[in-house]
Structure formats: C-alpha cells, structure tokens
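What follows is a pair of complexes built around chain A, which joins chain B in one and chain C in the other.
So, the complex of A and B:
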C-alpha cells in the first residue's frame, strides 16, 4: 500500500500527461468529427486532473464546469446542426500537411532547447500562498482585490460575446 | 514534485498538437477544437508557474483565459453556423470567395 501511494504521488502526473497527449492527438487525427469531440472531452477532464495535481483545485473545478460542461456541449450541438458533408471522408487534411508538420516539429524542438537551457530551479515541495484557507478562498481573495478591473472587463467581454453570437445566428431581416 | 521543465515540455507538445490541428485540418469545427487545445496548453503553463512561484496571479489569469476561450468558442461557433447557413459547407478550403 505504501509503495502504491508513493508510486502514484511520484508518477501520476506523468501518466496524466501521457494520456492527455494521446487524446489530444485523437482530437486532431480522428476521421469522424464526433470522435474528435469525445477525445476533446477526455482531454479537458485529464487537464483538470493535472490542475488538481498542481494544487489548483478551484481551477480544476472551473475547467470541468466551463469546458466539459459548457464548451463541449456547444460543440456537440454544432456538430448535430451542421450535417457532416458527403465528401468529408474523401480528403481529411489540407495540401500542405507535411510542410506544416515539419514546421511544428521545428517549433517544438527549438522551444525544448530553450526550456532545457533555462535554469528554473527545483519545484517547491510545499506551497503556502496558493492553498491558504483553501484554493477557492485564496483565488477569490486575489481575484476580487488586486484583479478587480480585469474581472469587470472580462464580464463586459462575455456580454459582448453573447450579443455577438445572437446577432450572428439570428435570421436576417424578413422585411 | 516533478521539475517545471517537464511540465513546460508537455504543455508545449500539447500546443504543437493544437497548431498542427489548425494547420492541417479542413473542418472548421476541428480547427476550433484545436484552438481549445492551444488555450489549455497556455493555461497549464500559467498553473505550473503559479505553483512554482507560489503566487496566485497565475491562477487568476488562468480564469481570465478560460473566460476569453468561452467567448471565443461562442463567437466561433456562431460564425460556423452562419457560414453553414450561407454556404452549405464548413470545409475551410471551399470558402475562398475573397480570392482574386
């Protein structure tokens, strides 16, 4: 039992990261768009697990609510409304697939070189500030004091997005 | 805890997968999903550094990023719906009306 607990506390994050990458690849390479949505749902849940492991419980809950509960449902609705095209199965990818893959691999390798060259120091074993009084209370205290102006701007952004979505999708004037 | 570099490499790979999806897929919906993957990669970086520096600013900014991502998806899906209504397709390379 002890060995199991220490194994998971040491390697759980790596397991989560590996499975997340697999499901993310599933989002991009699925033939069927419904499979892509399911893979995206799995990815979001696994990322919420990663947040949990990083002492961000509130962010993990928000991730589950906003992504798995809201955005995925929007995607599924859209997928059902937009009837999949007949020639979808013919050609899945664009013309420049190989060039794109090469460019992305180049980007990843260059960034990896930069990251390995930067001394970040060891990760702290215990944290105090971000879990003070529980993750939710700590986040709320910072959000509503130091970051109150961005918070209000974010609410305006959401209002604009709501109005924009309604205007974009409503029937144009029948007059 | 595992080193920050490993988490950064992971989130960078996730970001790369998102970029790949936007570049190579023809379906507008899949492209939007890949955008979500990229947003999540950025969020993971914010959370990782919030823990590394023991500061709450990263977590607060992750909330703002989620807010922006939600509005982006709402608008993006509305655009896809309007496109489908007008053009009967959401394959990106069929939408080349502005090409001279």
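So, the complex of A and C:
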C-alpha cells in the first residue's frame, strides 16, 4: 500500500499527461467523427484528472461538469446537424503541410522561449497558503475580490453567447 | 501534497473502464460472427428506408443545449460564492446580484423570443 501511494503521488500526473496526449491525438486521427468525439470526451476527463493531481479540485469539478458534461453534448449535436456522410466525396483534410510545419515549429520555439525564460522555483508562500485553505475557497477569495471586473464581464460574455445562439438559429420570416 | 485520497477513485475508474471492455471481449470470443447486411440497417424490421430525411436534426436541440450550458456555467460561478458567502458579505451579495441580473436579461430574452418553446 505504501509503495502504491508513493507511486501514485509521484508518477500519476505524468501518466495522466501521457494518456491525455494519446487521446488528443486520437481526436485528430480518428476517421469516424463519433470516435473523435469519444476521444475528446476522454481527453476532457483526463484533463480533469490532471487538475486533480495539481490540487485544483474545484477546477477539476468544473472541467467535468462543463466540458465533459456540456461542451461534449454540443459536439455531439454538431455531428448530428452537419450530416458528414453526405460530404464523403469532399476532401475534409487540408494539405498545407509546409505552412503547418512552419507554424508548429514557430509555436514550439515560442513555447520553449517562455518555458526557459520563466524562473521556476518553489511556489510563493501565498500560493501554498491558498492551496492549503482549499481550492474552492481559493477561487472564491480571489475571483470575487481581486478579479471582480473579469467576473462581471464573464456574465456579459455568457449573455452574448446566448443571444447569439438564439439570433442565429431563429427561423427567419416569422415574428 | 497527499493524493492518496484519490486512489479509490482511480480503482473505481479502472474497474468502470475494464468492465465493458472485458464483457465485449468475452462476447466477441464466444458469439458466432456471421455477416448479414440487414444487421447494419437502422431498423432490422419495419418499413424499408427509401430516401434520406430532408433535414438531419432540428437546430432547436442545439439552442436548448447552448442555453443549458450557459446556465450550467452560471451555477459553477455560484458555487464558490456560496462557499465564501459569509466572508464576502454585502459586497459579494451585490456583486453576485449584478452577475445574475445580467444573465436574467438573457433568460428573459430567450423566453420572449420563444427559444424555450418547442413548437
């Protein structure tokens, strides 16, 4: 049991990250769109696991509720709406290999610059204290005091999303 | 940094994943594999399908899903607020009231536009 616990706390994060990358690759390389969505669902759940291992319990719960529970439903509905089998004759794969390679290389270089430019070290005392108090309390303590404006703007963002969805899907010609 | 509390969760997940996989594997091993074209049709019995449906899926399902998701996210914001309600006090109450009023505008809009009605 001791060995299991120590293995779990040391390596589980990396195992989760590795499997997440595999399922994310599966999203891209599945020939069947439904398989892609299932792989995406697995990716979302595994990302929740990563958050859990990083002591962000609240974010993990939100990830499961909103992404694995809600966004995936939107993806499934999207599949039902677009009827992929009617477009089988079309080439749905783009072939801009050279441009994509260049862009990916650029992205990797930029990420590397940020990664090696960041002075990593032990977390500041404030972060440790916040995490000790519990992830949900930490989110509440910062979101509703220091980040009040982004929080209120989030509600306007949600409003815009809802109005946009209704306007776009409303049948025209009817009042 | 103790994650030992999540080990039962991991065991639960592994069993939940293995159970259907093992069941399917055992079934694949024992069942006869006979190809039949009617097995692939949407309805094995009943009236033959003679043409594709005009529209696949009504877009109103999507609107309902989007509205559900938006209020889902709203609830997510309510949860940490409720946890720290006493510490935040009146300031937190007013803040959340503004947040909710903005979203209630959206709710009233959806109601008035008939997005919540099915017909």
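Going forward, the second predicted complex is superposed on the first by the 139 of 175 C-alpha atoms of A that agree within 3 Å, B and C clash if a C-alpha of one lies under 4 Å from a C-alpha of the other, contacts with A are read in each partner's own complex, and residues count from 1 in each chain.
Here, contacts are C-beta pairs under 8 Å (C-beta built on N, C-alpha and C of every residue); 3 or more make two chains touch, one makes a residue touch a chain.
Fair warning: this is a prediction, and the values are worked out from it, not measured in the lab.
Engineer: Going by the contact rule set out at the top, does A:70 touch chain B (first), chain C (second), both, or neither?
Structural biologist: After superposition on chain A, A:70 lies in contact with both partners, chain B and chain C.
Engineer: Touch check for A:143: first (chain B), second (chain C), both, or neither?
Structural biologist: both
Engineer: Who does A:154 touch here: chain B (first), chain C (second), both, or neither?
Structural biologist: both
Engineer: Report for A:80: first if it touches chain B alone, second if chain C alone, otherwise both or neither.
Structural biologist: second
Engineer: Check whether A:111 is in contact with chain B, with chain C, with both or with neither, and answer first, second, both or neither.
Structural biologist: first
Engineer: With both structures placed on chain A, which of the two partners, chain B or chain C, ends up touching more residues of chain A?
Structural biologist: B
Engineer: Quick check for you: in the superposed arrangement, does A:58 touch first (chain B), second (chain C), both or neither?
Structural biologist: A:58 contacts both chain B and chain C.
Engineer: Look at A:20 in the shared chain and tell me whether it touches chain B only, chain C only, both, or neither; answer first, second, both or neither.
Structural biologist: Touch partner of A:20: chain B, not chain C.
Engineer: Can A:8 be said to touch chain B (first), chain C (second), both, or neither?
Structural biologist: The second partner, chain C, only.
Engineer: So, does A:163 touch the first partner chain B, the second partner chain C, both, or neither?
Structural biologist: The second partner, chain C, only.
Engineer: Check chain A for residues that touch chain B in one structure and chain C in the other, and list them.
Structural biologist: 55, 58, 62, 66, 70-71, 74, 78, 81-82, 139, 141, 143, 154, 158, 161-162, 165, 169
Engineer: So in the complex, the part of chain A that touches chain C is made up of which residues?
Structural biologist: By the definition above, chain A touches chain C via 4-5, 8-9, 12, 52-53, 55, 58, 62, 65-66, 69-71, 73-74, 77-78, 80-83, 86, 136-137, 139-141, 143-145, 148, 151-152, 154-156, 158-159, 161-163, 165-166, 169-170.
Engineer: Of all residues in chain C, which touch chain A in the complex?
Structural biologist: Listed in rising order, the residues of chain C that touch chain A are 1-4, 6-7, 10, 52, 56-57, 59-63, 65-70, 72-74, 76-77, 79-81, 83-84, 87-88, 92, 95-96, 98-100, 102-103, 105-106, 109-110, 113, 115.
Engineer: Over in the complex, which chain A residues touch chain B? Could you list them?
Structural biologist: On the chain A side, the touching residues are 13-14, 17, 20-21, 24-25, 27-28, 33, 36-37, 40, 43-44, 47, 50-51, 54-56, 58-59, 62-63, 66-67, 70-71, 74-75, 78-79, 81-82, 85, 87-88, 91-94, 96-97, 100-101, 103-105, 107-108, 111-112, 115-116, 118, 120-125, 127-130, 135, 138-139, 141-143, 146-147, 150, 154, 157-158, 160-162, 164-165, 168-169.
Engineer: Tell me, which parts of chain B touch chain A in their complex?
Structural biologist: My answer: residues 1-10, 12-14, 16-21, 23-27, 29-30, 32-34, 36-37, 40, 43-44, 47-48, 50-52, 54-57, 59-60, 62-64, 66-75, 77-82, 84, 89-93.
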